[in-house]
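You will see subunit A twice below: alongside subunit B first, and alongside subunit C after that.
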Partner chain A sequence: MTKIYLDLLPALILFSSFILVSNKRIASYIRTFRFQSLLIAVGAGVIGLETGRIDVLLVCLLMVALKVIYIPNLLNSTFANVTYKVEKDFFFNIPILIIACCLLVVFSYLAIPTADGIINVQVANLVSAVLIGLIFMITRKKAFGQIVGFLVIENGLFATAMFATQGLPFIIDLGMFIDLLTAVLVMGVLVFRISDEFDSVDVNRLNNLKG
Partner chain B sequence: MGLLLLLIPIIAAPLFFLLKNRQLIYRLSLVVSASLTVISLILTKEVIAASYIQYAVLGGFFYLDSLSIIVLDIITIIGLVASIYSIGYLEEDLGRGKISEDQIRTYYLLMYVFIFTMILAATVKNMGIMWVAIEATTLASVFLVGFYSTKESLEAAWKYLIICSVGIAIAFLGIIFLHLSSLDVLTDAQFLDWVALSEHAKALKTPALRLAFLFIAIGFGTKAGLAPMHTWLPGAHSQAPSPISALLSGVLLNGAMYGIIRTVTIVNKNLNSSQFTGQFLIAIGLLSVGIAAVIILTQKEYKSLLAYSSIEHMGIIALAIGLFTPQAVFGGLFHMINHSFTKSMLFFATGSILHRFGTNKIDKVKGVLKVLPVTGTAFYLGLFAIAGVPPFSIFASELGIIVSIFVDGRFIIGSAFILLLAVIFTGIALNLFKMFYSDGPEPEGEPLKINPAGTVAIMLLLLVIFTTGFYMPEGLRSLIYNAQMIIMGVK
Partner chain C sequence: MNSIFYLAIQIAAIVLVAPLVNGLIRKVKAFTQKRTGPPVLQMYFDLYKLFKKEAVVSEVTSWVYKVAPYIVFATTLAAAMLVPVTTLLVPFGFPGDVIMLIYIFALGRFFLALAGLDAGSTFGGMGSSREGMISALMEPAILVSVFTVGLISKSTSVLQMMEGSKSMGIPLSHPVYLLVFLALLIIIIAETARIPVDDPSTHLELTMVHEAMVLEYSGRHLALMELGAAVKQLVLITFVVNVFLPHDQLLSMGGPGVIAISLLIYLAKVILFSVIMALIEVNTVKFRFFSVPNLAALSFILAFLGFLNQFVLS
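On to the complex of A and B.
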């Protein structure tokens, strides 16, 4: 029975990445991120119950506390101070992005099962989620898009690691959480300083350093 | 004993924030970095005697062998010199009103967290923890890059943070594949333990391992500044305060390279040949040298030029590791040491030039030798050293690598490499020597306060790179030799 859940959840996580790519509003970026984190937390819960490991259940709780509640709220409050609400200009329009993402999924299905059959559909799905996070990151022009992109990549990695290894050792999980939290705080502070100094959070304006 | 390496900086870091007196902060910093250096040198002796050190605490995560002790010694020694040099540098900044006293506290706090994370990365044997530490180095140093809060430095900090975080994230994907390749081979307690991975390398699953290598090489390669993932590096190195540029260039890049080297050892042992990793690393190494060569020829700012030169030297090390012959690996490791010392010395010297002339632009700086006789001379000689002129140590290691390329029978790679090195020498001579020869008016602004400790530190580094050019102490030789054996998988 749990096998079904464990196959379903990566597919849903991949699906949520597609939702993210088609989002235009900053508020919906954050909502999608929250949804995706919740799915991963559920995954950690299922794996924890199945293997009976307390530390994986603890990871599930940490996941809910940090990525479902704390970080999205932090982003929301940071975002409330920034003027723009809707991203108007992308480097590519959304339908093209969706097609590119589909190609990425095909790519990871082709690339990954070559590994002796020990790597399964779950991992292929989650690696595509990581790649889609990368696409999201490079096609958004505002600093916020890059922060959310980073978080989604991190989410994908975390999920890949968890589903592939049936729960990492706790010390590595803990290290990842601490790194992630620091990264988000650092990025938040930096975005503030950038918007003070440049009067904008458009990363295209960051072009003073060339050559 | 070794655990003190991790405890001292992490205990000291908050103290910097609490101390009110500036002089006390400086003294504490000197004491901390000096004790780190002493401990690491004692450990070096132990490693030479016993070939590795491991403690039983926390599942034996603390592990040092000849390879990691080289990286560790570079961290602590350059850290010590940086902390000596920082005092004069920060006083000068403070005197010119560029920073406030509070910022000095932040500076030292972040610098020691940064040093802590780098020491952690070099002293653990678990790839997972090593990854966490390398990611943490980025986070600790971001605000040091953006220290002056100017437009350029904030831009550099943002690029540094975003590009390196994503790069490191990709490396983690590689680490997951590394684990997948070891399923059913290692026990749970040996999770991602590279000593065990390297011991059982033959039994690992090859396809997953290949993927792991590619992801790790791209990921850590981003952090090591290899082209084409190098784009964050010139900005970050040129915008950071000079002592931090020295740490970034002389120490941080090695840490990431160390991660790649560990993986190469495992993969090559598994595949029983170095062709797969070699092709990748040689290509990416030559590309780095090539891109650096082109840009050095046309560079307008001296700190950026030095940053591109770091990309070049990381490329050379990657090339040497890619060749994977004993002589090339030996040369690569020696080159890593030489580059760290030479480049950090140059960055320290640019600190004085930047303060005196107040500009980053090469053509605004004239008559360095007249205005700053001592530092200027050191900078001048250092440029010869970094361009690979004898009798300095970089010449010795570059020569070793070039010879090994030809001994290996790769004539095209060897010729291309020599040509690119010649272009880089021309670029450095063409662009930077103008700073010394042309006579200009005395720059405006007050002359520098004398920073005797900092000048002595620069001179000492110069002496080191000069002597190791033709004389290698027996201890160093056996250390590098043992590290080479570890990389080749003989031990």
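On to the complex of A and C.
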């Protein structure tokens, strides 16, 4: 049962990254991020229970508390004060973005080092989830898309570490979480201030302030 | 001689169960809205009533208008012969019949679109053009999905695909099958004109796609169109449910009793899948029409990822 879940986890994470890219509604970004974090946290819990390592279990609980409960609620409460609910403007339209992300997946299949010529499909799927989060972050004009993209990159990195090396040393995980929490708090406050001051969260318009 | 008997059971099973799926979906939707809703057998009564009524034919239409309902129903019946409800009873099957399945549906859809244009009303023309766009966008996704399943079972015949997935344990526990299943779920929603692509119970003509094309029909023509749509829905559901949740490997060999049990398990699987479709329909809203390409791109990419995984893993 647990082996089935760990086999399916990279495919499900890739699936949730593609749902993220094909969305236009900001509430859906936050909900998809929550779903993805829950998948990864359950995966971490399963690995911790199987190998019997307490630190992996602690990291799983920390992840649930932070990325499934606290950060999405924080984003939702910041988002409630903003007037834009759906993104209308894109640099590239969504079908082209989805095809570009698919090319990224193919690229990561070819670029991840292989063992005796056999491509490691799981690690390649998770690395491509990181790259898809990166594309998501740089092609969204509104600040919320960029924040969620940053969080998805973080998610993908954590999942890759979990699969490739059965977890990072605990102190490094703690450091990553503290950095993440600080970054999200700062970004949340910034977005609130930007929206308050300029009545818009389109960060492209900040270019008008240049000399 | 046996194959004619199997053919009769196959067609009877699909045509008789098809209106049940619609009734079940409407019942589940009503329950989630705290209503009782119409009875589950309502569509049978509707079809009976429509067959008794007189068909009103507009004077400005051509032969396409009169012929289209029969062609639509005939193509869906022909498709129903190609997808067996249980692998114990197979009337036909030949390599490549999954391609024929897809393009038989395309033939029916072509005549449906022409019939929508034939009466000269604006709503019909709009429905036809929208249907053309949706089906053009969904076609690569369907082809890549069925070809991936064919790659795994090393054949392009529907029967071989069903047989191939019987020996796989739980098919949905393999990442390739899971990705292709998710792609096919989106495709079924688009092909059977359900929310989020097209609301089947809307009365606003500006938002209709499938309903706008059959707007001019009445009497027995309308009954044939509705039954054709229901049979198409059940054929697609049968394909998905028999490939991804095979049940025949659980039955030990026996006589005609085994066939009856197999048909009952098939009915249970169809009911389960209808409830899943109804829950999806309840929890989403109908998309703006120009957001449908996003959905089509998502389903194509999921099917393509399944194909990539399969290609790499073997």
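One rule holds for everything that comes next: the second predicted complex is superposed on the first by the 196 of 211 C-alpha atoms of A that agree within 3 Å, B and C clash if a C-alpha of one lies under 4 Å from a C-alpha of the other, contacts with A are read in each partner's own complex, and residues count from 1 in each chain.
As a convention for this text, a residue touches a chain if its C-beta (ideal position, glycine included) is under 8 Å from a C-beta of that chain, and two chains touch if they have at least 3 such contacts.
Since the structure is predicted, the reported quantities are computational estimates derived from the model, not experimental observations.
Applying the stated clash criterion after superposition on subunit A shows that subunit B and subunit C can sit side by side. In the superposed model, A:V130 lies in contact with subunit B only, and not with subunit C. In the superposed model, A:V203 makes contact with subunit B only, not with subunit C. The larger set of touched subunit A residues comes from B, when the choice is between subunit B and subunit C.
In the superposition on chain A, A:A143 makes contact with subunit B only, while subunit C stays out of contact range.
Of the two partner chains placed by superposition, A:I54 touches none, neither subunit B nor subunit C. Of the two partner chains placed by superposition, A:L110 touches none, neither subunit B nor subunit C.
By the touch criterion defined above, A:A65 lies against neither subunit B nor subunit C after alignment on the C-alpha atoms of chain A. Once both structures are fitted on chain A, no C-alpha atom of subunit B lies closer than 20 Å to one of subunit C.
Contacts of subunit A with subunit B, set against its contacts with subunit C after fitting on chain A, overlap at residues 119.
For subunit A in complex with subunit B, the residues that touch the partner chain are 111-112, 114-116, 118-119, 123, 127, 130, 134, 137, 143, 146, 150, 153-154, 157, 160-161, 164-165, 168-169, 171-172, 175-176, 178-179, 182-183, 186-187, 189-190, 193-194, 197-198, 203, 206-209, 211.
The residues of subunit C lying in touch with subunit A in their complex are 170, 173-175, 178-179, 182, 291, 293-298, 301-302, 304-305, 308-309, 312-313. Those residues of subunit B that touch subunit A in the complex are listed here as 126, 128-129, 131-132, 135-136, 139, 142-143, 146, 149-152, 154-159, 161-162, 165-166, 169, 172-173, 176-177, 179-181, 183, 191-192, 205-208, 211, 234-235, 238-239, 295, 298-300, 304. Of all the residues in subunit A, the ones that touch subunit C in their complex are 4, 7-8, 10-12, 14-15, 18-19, 22, 24, 94-95, 98-99, 101-102, 105-106, 109, 119, 121, 125.
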